[in-house]
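Let me begin by handing over the structure; questions about it come next.
Going in written order, the chains are labelled A, B, C, D, E and F, and every chain counts its residues from 1.
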Amino acid sequence: MQHSLLKAFCLLAVSFTIHSLVTPNCSFAEDETSITATSVNTEAIAPKIDTGDTAWVLISAALVLFMTPGLAFFYGGLVRKKNFLSVLMQCFMVMCLVSVQWVLVGYSLSFGPDVGGWIGNLSWLGLNGVGLTPNPDYSATIPHQLFMIYQAMFAIITPGLIIGAFAERMKFSAYCVFTLLWSTFVYAPVCHWVWGVGGFLRMQGALDFAGGTVVHINAGIAALVTAFVLGKRKGYPDTIHPAHNLPLAVLGAGILWFGWFGFNGGSALGANGVAVNAFVATHVAAAMAGLTWAVLDWYFNEHPTMLGMITGAVAGLVAITPAAGFVNVWGALGIGVSVSIVCYIMVAFVKNKLGYDDSLDAFGVHGIGGIWGALATGVFATKSVNAAGADGLLYGNPSLLWIQLKAVLITVVYSAVVTLVLAKIVDATLGLRVSEHEERIGLDLTQHRESAGTLLE
Amino acid sequence: MQHSLLKAFCLLAVSFTIHSLVTPNCSFAEDETSITATSVNTEAIAPKIDTGDTAWVLISAALVLFMTPGLAFFYGGLVRKKNFLSVLMQCFMVMCLVSVQWVLVGYSLSFGPDVGGWIGNLSWLGLNGVGLTPNPDYSATIPHQLFMIYQAMFAIITPGLIIGAFAERMKFSAYCVFTLLWSTFVYAPVCHWVWGVGGFLRMQGALDFAGGTVVHINAGIAALVTAFVLGKRKGYPDTIHPAHNLPLAVLGAGILWFGWFGFNGGSALGANGVAVNAFVATHVAAAMAGLTWAVLDWYFNEHPTMLGMITGAVAGLVAITPAAGFVNVWGALGIGVSVSIVCYIMVAFVKNKLGYDDSLDAFGVHGIGGIWGALATGVFATKSVNAAGADGLLYGNPSLLWIQLKAVLITVVYSAVVTLVLAKIVDATLGLRVSEHEERIGLDLTQHRESAGTLLE
Amino acid sequence: MQHSLLKAFCLLAVSFTIHSLVTPNCSFAEDETSITATSVNTEAIAPKIDTGDTAWVLISAALVLFMTPGLAFFYGGLVRKKNFLSVLMQCFMVMCLVSVQWVLVGYSLSFGPDVGGWIGNLSWLGLNGVGLTPNPDYSATIPHQLFMIYQAMFAIITPGLIIGAFAERMKFSAYCVFTLLWSTFVYAPVCHWVWGVGGFLRMQGALDFAGGTVVHINAGIAALVTAFVLGKRKGYPDTIHPAHNLPLAVLGAGILWFGWFGFNGGSALGANGVAVNAFVATHVAAAMAGLTWAVLDWYFNEHPTMLGMITGAVAGLVAITPAAGFVNVWGALGIGVSVSIVCYIMVAFVKNKLGYDDSLDAFGVHGIGGIWGALATGVFATKSVNAAGADGLLYGNPSLLWIQLKAVLITVVYSAVVTLVLAKIVDATLGLRVSEHEERIGLDLTQHRESAGTLLE
Amino acid sequence: MHYIVAIIQPDRLDEVMQKLEEKEIHLITVSNVLGRGRQKGISEIYRSHKEAGSLLKKVKIEVAVNSEYLKQTIEAITEGARTGKIGDGKIFVLDLKDAIRIRTGEKGKPAIG
Amino acid sequence: MHYIVAIIQPDRLDEVMQKLEEKEIHLITVSNVLGRGRQKGISEIYRSHKEAGSLLKKVKIEVAVNSEYLKQTIEAITEGARTGKIGDGKIFVLDLKDAIRIRTGEKGKPAIG
Amino acid sequence: MHYIVAIIQPDRLDEVMQKLEEKEIHLITVSNVLGRGRQKGISEIYRSHKEAGSLLKKVKIEVAVNSEYLKQTIEAITEGARTGKIGDGKIFVLDLKDAIRIRTGEKGKPAIG
């Protein structure tokens, strides 16, 4: 039943995709409107390093890196104690593995000289030619390597987000291989389409300020697919009990909120008005979404919950990501309220109907929230905030919403299909899932021969 | 007995207040000396964005936001485990609630065009007219919205500080309403008096670099009042046992110290000498105060305690807040030593005499420490550090101390009275306190239907 | 047996040292090549404050301060629960104690006007003459006090690193005295030799970008010595069980990684290309080292461990510290791989042969990793990255490696000898170690009269 | 000699210990337990699903006493723990064959106190 | 009356509690324990040294029942906890002299249920 | 058959387990407890108020043995746990009516080992 659902979904989407590809005219028509966060500053001519911009992007890169440990605790606090370390380990492994992959091949594939709008070529392998002077194509006022390392942090956290879907049951070896493949064959191309010079979605004028499509939809869909492929945790849903350490999940959420200022604010690639707008929109959307979720919990369960509030805040952060540099405070408020409602319905009601086991709602929050955010950008975006942006539906330009929808569907289809293929390959070779016995004992002991804490004082 | 004490206190203070209001002459005399952190840079003429200043204030805003989760753990680690989540939840709720209130009305009331020195008008509702270009009245080199969001973080953490006073016994619904009212009717006006253009305390030349009066005294007094109104926790003091998780309180303290660099350093609203001076003074005062507290513990209890050291460090951070941009390293050391002595006496000896139950010493540390810091600013301030500042007692200008004293008393009286009124109103309508049965079971379960951790492995 | 080992070590080293001292000619020959991070910007003439540079160093200082609480949890999570607070307390005490020592005397001794290449004089006591305008000798574009406070954070964490060696058995009073003495008689001189204007190692052209010698070798050797002097923990190694709370150690590692961007990136003392290069190298080396350690664990124990991964990452961060501003991405990768191999052999095999009890491998990771990094800098450094740097062995200049080796040995000998003397003095007077009974009960209760958590719910 | 096991509400522990003191029963052992009893647990919420939290936090007290102390021990615990509400808990009395004080090797009655 | 102590695998608790419910044994007390038994523990790694982790996490269940319930209680626990693998655990049956319901002061059989 | 409950100092556990091993008693159950005994607790400080920390951390060991093993079990525990200092703890011996190995259903003596 679930698979048929997935199929139907794909079918519908594919048709859209094809359409959007066979109609370049409309695309080209929009060329000049083309814009993404990564080109916000490219008007500048003389590539002179600005210390203020550099300072802001440097710290932003550090903040985004810090989000991954934050994510580790956000997720880790919610699993059962016997699997706590395994989640932390997966998050740290992605920090190490993808960083190396990125400097060696990932960056070149994602941002290197364009090949037919689909992918970057290999001329920047090992950062060959990626130096300390600005690359005006991406950012005229900061060193090229700074842009590269800032983007590296995005490449790290994206596969990290998927962890939430298969937590508590994936074999660690399989995890490593899958992550490496996914970063190379899913993240890199999608990143290139949307942000790379010559990327075809960028050409079509799709707006994605800080990674709604590239990061959240991409990871969210991969999460859904892997949850399907891996199947439910033993005992789900009856005997899977609540978070083993909610306070640490709250700590993680706090770190995520903090780091997200670098994630969205830094995407302006400079300490300028756009950065400030993104910063404000990010904070307001997060707050509004957290508040909304609390209210919904209050309404449906008579009690606002801590888990609900942090889930809402994260959903808000996810949804504002593509929009942060293009919407005003009202747009941010609107996105905040709406995304919590959508995600709440998803994780509280729909999910159980469908019955897949997305352990920590990576799809429910990042996938759905990301899609919602991408579309909302098409609704709330306004040039009054960022001339380099575009006007959305509310500002009399329905076409943007249409472009956004296409970008979403293309990403959804590609991510779903390729993730499925990769997961199946790894499953066929290494096997994705631990044995039932290992799952019962827990991944900490069976995968890492460690336990989160000594039981005796 | 306690109430009579409170009364006496008010009486004394009110007289002072009236005096200071009926003697505008002395006030006007000081007009030109008027200065606060928020106008440090206003000499600049052409409002051109400086990327370096913008970068520093952007990251400072993020740091101050991060302080609230830090506060959540600083407080949360000290309560009993059954109330851990309730404290975290209150802190996250204030992040969400006040952020929304701030962009909608709070900012306009606090910093909007002045109405008789008392409050801002409503012309900036919903950030109407608060754009991405600098507002020279507040900061000539950074976007106005950046100043707004930076101030938002202060508006968030201030009511957050009060939580320490009524932890473990306040009804969550009442908490939300109280916080919203308090932000609007206490924080906004006091903020306007001290920092708003035209604010009457600012006019009188009161120095408050980063919020000693607006943030700490204001919150500290509100803490005392709410502690009185709510009454003691069941079993206090006999059967209330030590911190359930001191290490997490230490983590919170670490985050607070880290964030405070943005709190004080960022208040220079630029990456300049004043920011550096504030940064240095902040660090030195915190270190000296932590050290002093440890020594006092060693002397009085034969053992320096972890709780004592972090309490001292926070007390030092509180006391240096109003002074950071106006004192040199000697002033910082002096403030650090003295505030720990004063607060130590307060929480270790005086408090028990008075017998109110300020659960986590929000008054003892923030109230007393804030008052001490405001007065100490009148003693240690020197123009040699910041020409825009003023000379204090030690530098031959007793009048500043007098001005500081007035500012303190006016804030104390206003905060005490209005907080009392608001608390009584909420108590009369919703009821401030949970039932004895709920208090016994704990707020996590009764208010949020969650528990901090699963007990079985 | 262990002592004889130490002796042999010293003997060998001393000879080298003497040699290097009696051959000033070679030293002077290299004068012009002399360079360290702290003089990267000194070409600038007019000392005008750059807001961007100032912003970056301000936040970097905050990041480095944040590393000490991070270290507290990195270490604290690994000890037994009964000693958790004692480690946190030692880390916070060093934050307080050394900060005060630094502004009073430490900074003057370390960076004050040179006295014969050995030490700074006392003319900067109490920051006398250390103002808010730049000091071109150290940094032409940021306020002198900012350089001072940034350096303070290094002075804080260095003695903090030693804690790992004597954790779980040192008397707190002795710890305080020892730390104060060590900061003054070991850290200050070594810091002056390498970074102070006129420091003799700086004169010889030794490269130490962000403190490989000053911080890590220095602390690592002190760790080894104190571990020897204090002796093994009761029951070591048989009945000392694994980390009581590994997840908190992971949190600490995350904070360390985050803070290290300020540690290395900030050492460029500006938001420039060198800072970006250091930032990239730091991240890449950490990732590569973490990955390598995981692979080694996988190979030798069939399972990658969480503790192994964070240990590897930290080892990578240590080793890249002296090199960050002088090597390219390949150098960073090389250093990352190699340091993990070296440290792994050390802590997993060699250490047990030698049989000393370096509780948390402060020597194994910081000492060995630091030495390796200093030498590796002599191998991988290249002027193509930083003209102010030098070429290493791989770039056809073997002499640099020689210079690095000398710097290492001199530091090793000095740190070892003086630390030994200081430790013996404190032992003879206060006694370094707690009683066996106190050790059994745990330091939290016996030294601080507190416990990490309440056992009953 | 008897071995008494009592399950009580966590927040009654201080009270119970005090009552025991008064009756000169100084030696006890305490631990955390979870109990399912008559008392309906408060169900927790997870992603807006109610988790019938049937297991409630309780405290377990173990006391070994000589027969002559049995009655007053039970009294002390009862007085200290009773609130009259469901969930107050139970006291179980087991037979104690022997007791040894590790430090001295004393056996039987003298070893208990 | 009997006092039953059972040591089981942590992940069998839900099962056991359900089985007990079915047999109308509602009142139980549960706690964390560590056990060393036949089951070989998985040895943990610390700095690449294998720590023979001989103590495994188990769950302890305590149930006081009237004699007529003894058999079905043992059955219920056995059914719920058995996987057939080493480590399933044990059930110990002790003699219960008396039981008191703190709330009411009831003694003996009526106090058990 | 007997059911032995011992309360010991936490840091003596390794020693005790080793001694039991030597005497071929392999199966035990261990848990955290807090004890109030003769040993004066170290009072904790909170805001410079001394908290008479009367409850000290102890470890509880439970061993079910056949009668013939009783003596050596007690010896083993005593040897392993004794330091001669107050706080060493106690050993309580209860009567064990029956034991069941869940895995096999064996009853009585064979089920113990």
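Keep this in mind: a contact is a pair of C-beta atoms (placed from the backbone, for glycine too) under 8 Å apart; a residue touches a chain by one contact, two chains touch by 3 or more.
This is a predicted model, so every value here is computed, not measured.
Under the contact definition, chain E and chain F share the contacting chains A, B, C, D. In this entry, B-F is the pair from B-D, A-E or B-F that repeats the interface of C-E, since more than half of their contact pairs coincide by residue number.
Annotation: 52 Å between the Cα-based centres of chain A and chain F. For chain A, residues touching at least two other chains, in rising order: 50-53, 55-56, 59, 241-243, 251, 301, 303, 305, 307, 448-451, 455-457. For chain E, the set of residues touching two or more other chains reads 30-32, 34, 44-46, 50, 55, 57, 94-95. In terms of inter-chain touching, the protein chains here all touch one another pairwise. Within the complex formed with chain E, the chain B residues making contact are 455-457. Those residues of chain E that touch chain D in the complex are listed here as 3, 17, 26-31, 62, 64, 94-103, 105, 111.
Remark: chain A residues 49-56, 58-59, 61-62, 65-66, 68-70, 72-73, 76, 84-85, 88-89, 92-93, 95-97, 99-100, 103, 126-127, 132-133, 142-143, 145-146, 148-149, 152, 172, 248, 251, 447-454, 457 touch chain C in the complex. Across the interface of their complex, chain E is touched by residues 2, 5-8, 31-38, 54-55, 58, 60, 74, 77-78, 81-95 of chain D. Across the interface of their complex, chain D is touched by residues 235, 238-239, 440-441, 445-446, 448-451, 455-456 of chain B.
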